[in-house]
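Heads up, the next two complexes both have chain A, just with different partners, chain B and then chain C.
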Partner chain A sequence: MATLNLHPIRLSIIGTPVVGQEVEVRVLIGHPMETGYRLGLDGNERIPKNIIESVVIKLNQDPIMQATLGTGIAANPLLSIFVKVPPQGGVISIEWRDDQGLQGRAEKLIAVA
Partner chain B sequence: MMQSKVLKRSLLKGFAVLLATPYFKGSWASSINNDYTQKNLQSLPIKKEGVTIDLPPLADTGNSIPMNLLIQAPAQRRIQSFEIIAPENPNPMVMKITLPQMQSSYRLSTRIRLALSQDVWVIVQLDDGSKIGQSLHCVVTLNACFDAT
Partner chain C sequence: MKFLFALLLILLGFFCDLAFADQTRQSGNAFLSPEMLKQQNDPSMNPVSLWVDQGQELFKANCQECHQSVGTITKAVVQFPKWGEGKSSLGQLINIEDQIATCYSKKTGKQLVNDDASILSLSIFLSDAARGLKIHVQEPTDPKVKAQWQNQMNLGAQIYTQRQGRLNLSCTQCHDQRIGKNLRSEIISPAYVTGFPIYRQSWQAIGSVDRRLRACYSGVQATVPASASSELRALELFLKKRSEGMLWEGPSLRR
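What follows is the complex of A and B.
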């Protein structure tokens, strides 16, 4: 399951991970998050709704956050969460799915010194 | 003869219940959406403590407003899930987050859309079923959702 280039994901770890402490994980997904309320260029028809419905963030395959998103999340959703670094480090992964069935995935290694 | 009548009636009753079930389910779902009105949220029996919302008091555009959240559960309690609610938006439920590994404190940053100037609510469900929450007013000069741009 490869991430579509149409909807790129950037998954970043901010700062140096230290075992037992929290590290900031930022997720930025390129997605229009169309609400379904906007009118198209012709001013007659509405642009169909197209939003990310669910985001799951996992640390070493264990879900640590499950989010259900509505139309109230801005375009190109940004999520910043703080994760406690496990003793051996690990892999943080994110999976998203939108209401048109598209899905994307990204993962990043949390390397501890 | 009598027995067959009773059987017929009970079958009809069962059929009627089957037909009515989706209707009641639908009305139940719509009543949940109605719970997100400003008035209902203000009358919720929740403790206004432990939740810090960081939103700009005045936002130039409602299309993207940075929001920071800090939730601190009361002593010996853990956070099960929380919701960000914007009651004046066409879809009031902005985001619902469930934490499979419950935590005593949680920090989150995101960017939200606001259709109108309004109080933004955060309602947190704790592991014992009680709720804490907080609201913060945000004035929006250019509304999102309703314009044709």
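What follows is the complex of A and C.
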């Protein structure tokens, strides 16, 4: 039986990549981004903090963007960057890691005609 | 001449009727800001798409054995709430999440609550596949059951029109009489159930009709009924019947 993946991820490339031009890459990460400030239903216990701390986006294994997220980012964050398409295209990959040590990754081919 | 005049009247009546129908039956999408609508219609930006993916995987793993393809059961989305026929739900109304939870426990042996992410994911996946179907609530055929069903419908209508909570408001005062006006920063939309489950930004999570209605109770500072209580199901039935004939819009994004 398949169980629910609590941290789904969706990486999309917007439009048709053209060599030398910029293409938009969007990533949606399923993550609660719990700030640690909220109280649980009983009104006493704080819901433990659970925040994505670092996001790294790589193009053909080279890091092109690194971000540090914090408690100000909403749940299920949406990140968007513009990437200059290299000759022959390439593989774009994203990795995230949260403060509880959980990690997730996704990758997608930027195919050029 | 008289004939022509009569024809004109009939045609005029027809167009007025159309205009009337359009004006009074707007879905919640008509009240979204252009930015929200854009985000809702673009799966690369809409968080709901994460759960559509999840629901699809769960469906493949758990449901496909009995329901060959999702196309065979999408019409259920627009037919619920129905009168329960199973052992656990005999003599009461059940909505689609109840049905999914029952199926899920039969298949996996795990009894999940309706707000569980697995149940909601499956509901979202079905709802997404049911886009464009016409809402058509199923009435029971057995006259005895039909009378009970009608009682629930009446109860739903009564809840909808009854003032409650510290704000002393009924649903109908806003959702019929003040459509298009502002309620704090929100524009009031008519209460048509055309696109559930929803991803609500203020919840930062997905939720069913059940949760949405509980939030309404809390909004007027009334006692919030327990999840899956018969009161909520009766209200859901009434609201779905109110939306009869409207097009299903799939899982939606709300503020």
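Here, the second predicted complex is superposed on the first by the 109 of 113 C-alpha atoms of A that agree within 3 Å, B and C clash if a C-alpha of one lies under 4 Å from a C-alpha of the other, contacts with A are read in each partner's own complex, and residues count from 1 in each chain.
Following the convention adopted for this analysis, a residue touches a chain if its C-beta (ideal position, glycine included) is under 8 Å from a C-beta of that chain, and two chains touch if they have at least 3 such contacts.
Values in this document were obtained by computation on a predicted structure and should not be read as measured data.
After superposition onto chain A, partners chain B and chain C are found to sit side by side with no clash.
Contact with neither chain B nor chain C is seen for A:88 once the two complexes are overlaid on the shared chain.
By the touch criterion defined above, A:30 reaches chain C but does not reach chain B.
Between the C-alpha centres of chain B and chain C, as viewed from that of chain A after superposition on chain A, lies an angle of 110 degrees, to the nearest 10. In the superposed model, A:61 lies in contact with neither chain B nor chain C.
Of the two partner chains placed by the overlay, only chain C lies in contact with A:5; chain B stays clear of it. Between chain B and chain C, it is B that contacts the larger number of residues in chain A.
Once the two complexes are laid over each other on the shared chain, residue contacts for A:39 go to chain B alone; chain C is not touched.
Judged by the touch definition given at the top, the superposed model places A:74 against both chain B and chain C.
Of the two partner chains placed by superposition, only chain C is touched by A:14; chain B is not.
Here's the short version: in the overlay, chain B gets within 6 Å of chain C at its closest Cα pair. In the superposition on chain A, chain A positions 74-75, 78 are in contact with chain B in one complex as well as with chain C in the other. Contact residues of chain C toward chain A in the complex are 43-45, 47, 49-51, 53-54, 57-58, 60-62, 107-108, 117-118, 121, 201, 204-205. Residue ranges on chain B touching chain A, taken from their complex, read 63-65, 84, 86, 89-101, 106-114, 145-149. Chain A meets chain B in the complex at residues 35, 37-39, 43, 62-75, 77-82.
Of all residues in chain A, those touching chain C in their complex are 1-6, 8-10, 12, 14, 26, 28, 30, 32-33, 74-76, 78.
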